[in-house]
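Order of writing sets the labels: A, B and C. Residues in every chain begin at 1.
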Amino acid sequence: MTHISVTVDGTAYEDEVEPRLLLVHYLRDRLGLTGTPIGCDTSNCGACTVELDGVSVKSCTVLAVQADGSEVTTVQGLAPDGEWTPLQRAFHERHALQCGYCTPGMLMAARDLLRENPHPSPEEVRRALEGNLCRCTGYQNIVRAVLSAAEESDGSGATGERSAASAQEVTA
Amino acid sequence: MTDQAVEREVGKARLRKEDARLITGQTNWTDNISVAGLLHMAILRSPMAHARVERVDVSPALGRPGVVAAFSGRDLAEGLGSLPCAWPVTEDMVLPDHPPLAVDEVRHAGDPVAVVVARDRYAAADALEAVEVDYEPLPPVLDLEAALAEDAPLVHADKGTNRAYVWPLKTGEDYGSVKQRADVVVKRRYEQQRLIPNAMEPRAVVVTPLAASGEYTVYSATQIPHILRIMLSVVTGVPEHKLRVVAPDVGGGFGSKLQVYGEEALALAVARKLGRPVKWTESRSEGYLATHHGRGMIQDIELAATSEGRLLGLKVDLLADMGAYLMLVTPGIPILGAFMYPAIYKMDAYEFNCTGVFTTRTPTDAYRGAGRPEATYAIERAMDELAAEVGLDPVEVRRRNWIRHEEFPYTSIAGLTYDSGNYEAATDKALALFGYDDLRAEQAKRNERGDTVRLGIGVSTYTEMCGLAPSRVLRDLRYSAGGWEAASIRMLPTGKVEVVTGTSPHGQGHVTSWSQIAADVLGVPFEDVEVVHGDTKVAPQGMDTYGSRSLVVGGAAVHRAAEKVVDKARKVAAHLLEASEDDLEFRDGVFSVKGSPEARKTIQELAFEAFTSHDVPEGMEPTLNAEHVLDPENFSYPHGTHLCAVEVDTETGRTGIRSYVCVDDVGRVVNPMIVEGQVHGGLAQGIAQALYEEAVYDTEGNLVSGTMADYLVPSAPDLPEFVTDRTETPAASNPLGVKGVGEAGTIASTPAVVNAIVDALRPLGVHDVRMPCTPERVWEAARSAQSSGAARKEGSA
Amino acid sequence: MIPPAFDYVRPAGVEEAVRALADAGEDAKVLAGGQSLLPLLRLRLAFPELVVDVGRIPELRGVREDGDTLVIGALTTHHDVVHDPLVRRHAGLLAQATEAVADPAVRHRGTLGGSLAHADPAGDLPAVALALDAELVAQGPGGRRAIPAREFFTDYLQTTLAPDELLVEIRVPKRDGWGFRYEKFARVAQSWAMVGVAALVRRDDGHIAEARVGLTNMGATPLRATAAEEALAGAGDAGAVARAAESAAEGTRPSRDASASPEYRAHLARVLTKRAVLAAAGMG
């Protein structure tokens, strides 16, 4: 057993873990943070993507002991006060999810992209999401959502109004 | 009806009620479920395609830390029946025994041989390695044609044959005589590669026993909680009324969770034996062996036609790979396709024959489209070959043969009555959006120049039968259940509405769409409607979700149930307003007396009146509830035209999709946003079959594409931006005028893509490329056609 | 999905790591970013008794200059390699090829040293290291030694690294003014290269003065297309490049798998070499 201290979604945890314990199992089985799902065993699907010290990682491909001393953000930590991020809103408004299983990973991967490249082209969005598989949407609405979130965070202000406007457009 | 509710909701792109939980991680996937004392089950699987199981010794596993129990097939045989097949397609179909845990023989790589139960998943995984099994290898059975030979090794020796069934259909004139008068006969063989459905959520099951009363709750990542309850009762002997099945959040299915799986039965059996809750979750690679596959057919198709490209007859011979066992609807999948080979075309003769073949591979069963994509692929590919043969544009050859819109309702040569459709309108719209003529002109120019990157244009005009299904038709097809769907509506005392549906969504957005349907009929706000589903305790009746049936059967049932509520509310309103029912108007949720609009009651007020029942008509049952079980009168026949432009690099064989346009007619649309999403996802899976995916087995019967790193599920850069549009020809067979949409995109797109690839290479003399059209296959097709000089011959045709 | 159990140490420095490796012998595995090792563990294709996590050794991370050489710490992540200004300026081929590795999340964890030490011939970076004529510096109980990339890769997933040696840095000769292109041919965006070609071209007066071509997945190890390199010298137009590229598959032994035959791989090597060199030479 190895001792680790990890901060997840703002809460600090101290635990004794087996070195082989995968970070995703630590989150799900030990901390009960089941918002992060598991979709494969080969690092291909990206469903388990979380943020580790500010960058996206596949939590099935990180040992819990490797996260010792680190800060983890999961999908459950994106909207701590209940107010959705622009990406979450855009996923809702652009119908970027159906079954929703890939959604946590998609959100985390998209968030990583927008941090590095706040104004991506559609092509860049697709490239950035290459490690995240979705079987429901054909990706088109996911790409739309990421582009629309990028636009919303553009700094032109009145983000709330913009969001309402885009919702109207969708329901029109 | 002058007082029908104003439809404010149906047709609107309502944002989904489902999303809030899913985008914040407040989900309830089966693997999330944890209860006190939960044990984890792990399954040891055969590493061989076919072997006699000489010995299974689980005792070494028992000593491992954290291990609570371990069982061989023999240990659990008592009290565990064979897994069910609900579709004996012929009277003499060969139905082998299918124990959830193999006893004497394993018949595909991944066939389970032992289970280990431990305190956590890590301990269970470790202990599996301690189980000892001796196998005596038997010959694998992998080739569909060789499997039918007299001396072929047998998958099920006791059955004496690998032929599961032969299912024939002959309609119209005699095909042989029709062929006599044909100018052109096009004969082709197509192969439907095996596909792995790849729902993003791996399967999982949790069983919690209540030992004292012999009750069990089964949580499963399933599309079919209701059917599963019945079947688990049959398999395990737990009385049906003591079983509760819950489909919590389910992360996609695409047919792969339309199944009664051995692991579900095993978890129940183990929970019963130990009296403790048990969980099993498959890993992706395990799922590739253990979750059923789709497709897997060899199709021999023959068209007889005139030199003007008019179809006279069609003959289809199928060999369908059943895999090692017949699972829930395995044998029926190709039969669902049998009726779709004639597609949208008129002809005089049709002959179909399907032979189901056992092999030592993972069983096949429903995968998005289930039989219809295969049929559509073969006919749409063959129509292109016919067009080439008679020198017509592929669109023109279709025009000359399709059913014209004024001919509906039309009974197809296969005996289906297509209620509605307008193939001309959808095709014209698609051609315009696509810029068909411009692309053809560009193609001609590039061909003339001899560009190494060729442009190809593919068309697919499809229809399909979905909305499963009229129960009497299912009887005629020898399916063991009905095709109805149930809905009930409870108006709560405060005026809020609970819709209980028998459908079991796993991504389709039923909560949103059913809310729209109910809100319109009842005239209540969309937000006031809640939809509950997927738990046999709260939605006790249902036939679940598959076959693009949910809206056309289940949504229509919600509509009917809501109408019944309105009828009952009208009686209460008439009573309270002291008017006759005929004098009442109902609009936007308000009953008012014609001519005196101030005399009014809202349906939400009436819900309270009916709840107290202090003042309702004499003899009326209290509360404003109703239910409806709807048996559809016909299948649903969406249709459409899909056009694909590809660029094929003849130097490398790489295919890139340049544009993809589809115009689908799914009748009236409840939520266009959800419909578009269904189309997108369907397209992605259909394109994936054309270009990327294949379950590959080696000559020993090992699954070579055994992980997600080897089986190529496309990600965002691998798929194009789609242009989607619709025409709207209301269905005549249900009150909403809707048609199914879940599978249409998958059914239509595969032939559109492959037709485009072949179209790009046809000037070189290429007639076909096997799916998936990998770069090597495309390159090889172009190269061998060129070197054989096929181009010149083709050029003169 | 569940790795087998192992012991775990997390040394703070290189010497401590080397000691741990030396003590454990053949049964230890080095864990850097874990993007190659963890998938093997999850599928139970590797059973190390000890995992030595070098991920917290700061001196193994980062890029610096040493005269005409770039020195890249073995633990530098793919993400950092892609974005590093020194790498982009002096070893653009490495930045470009690294961007083709896996996906962004994997590139955040995966490291240059880890990819090279894993020595998967289908990995993108070994062939790039060959083309760049990189040196791989290993540290063992006896100190450091520099291994030329051409001697480093010995067989499928095999290198000359001894069990008690740790790859600590990669030394890359600066290739200022050279044209470059990594052509990766894969069936889907996130799959391994079916074939990859790493081309470096130095032009002189409109002709190719020197070309260096590394091949991904054309044998059990990454390879140089030496015959093509020789034939490319002096090529002055696209036709000459195409002719020279015809020999790109000479001496290779590509494998057969579900996605390609050896013949097709050889064909791809020729086509991609032509394309990569044309692009690198600015002749495309």
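Methods note: contacts are C-beta pairs under 8 Å (C-beta built on N, C-alpha and C of every residue); 3 or more make two chains touch, one makes a residue touch a chain.
These numbers were taken from a predicted model, which means no experiment stands behind them.
Summarising the inter-chain contacts, the pair of chains with the most C-beta pairs in contact is A-B. When chain centres are set by their Cα atoms, the one at the greatest distance from chain B is C. Mean C-alpha positions place chain A and chain C at a centre distance of 30 Å.
Note on chain placement: the centre of chain B and the centre of chain C lie 43 Å apart, centres being C-alpha means.
The multi-chain contact residues of chain C, meaning those touching 2 or more other chains, are 1-2, 4-5, 39, 43, 189-190.
Residue positions of chain B touching 2 or more other chains, listed in rising order: 121-122, 283-285, 707, 709, 713, 715-717. The set of chain A residues that touch two or more partner chains comprises 18, 20, 38, 41-44, 127, 130-132.
Within the complex formed with chain C, the residues of chain A that make contact are 2, 18-20, 22, 38, 41-44, 46, 49, 52, 55-58, 60-63, 65-66, 109, 112-113, 127-128, 130-132. Those residues of chain B that touch chain A in the complex are listed here as 12-16, 18-27, 29, 31-32, 34, 120-122, 198-202, 249-252, 254, 283-285, 506-509, 673-674, 676-678, 680-685, 707-709, 713, 715-717, 719, 721-722, 745.
Touching chain C in their complex are the following residues of chain B: 121-122, 125-126, 283-285, 651-654, 692, 694, 696, 704-705, 707, 709-710, 712-718, 774-776, 779-780. Interface of chain C with chain B (complex): residues 1-2, 4-5, 39, 43, 185, 187-192, 194, 257-261, 264, 267-268, 271-272. Interface residues of chain A, counted against chain B in their complex, comprise 18, 20-21, 25, 28-29, 32-45, 47, 74-76, 78-79, 84, 88, 91-93, 95, 97-104, 107, 122-123, 125-127, 129-143, 167, 170-172.
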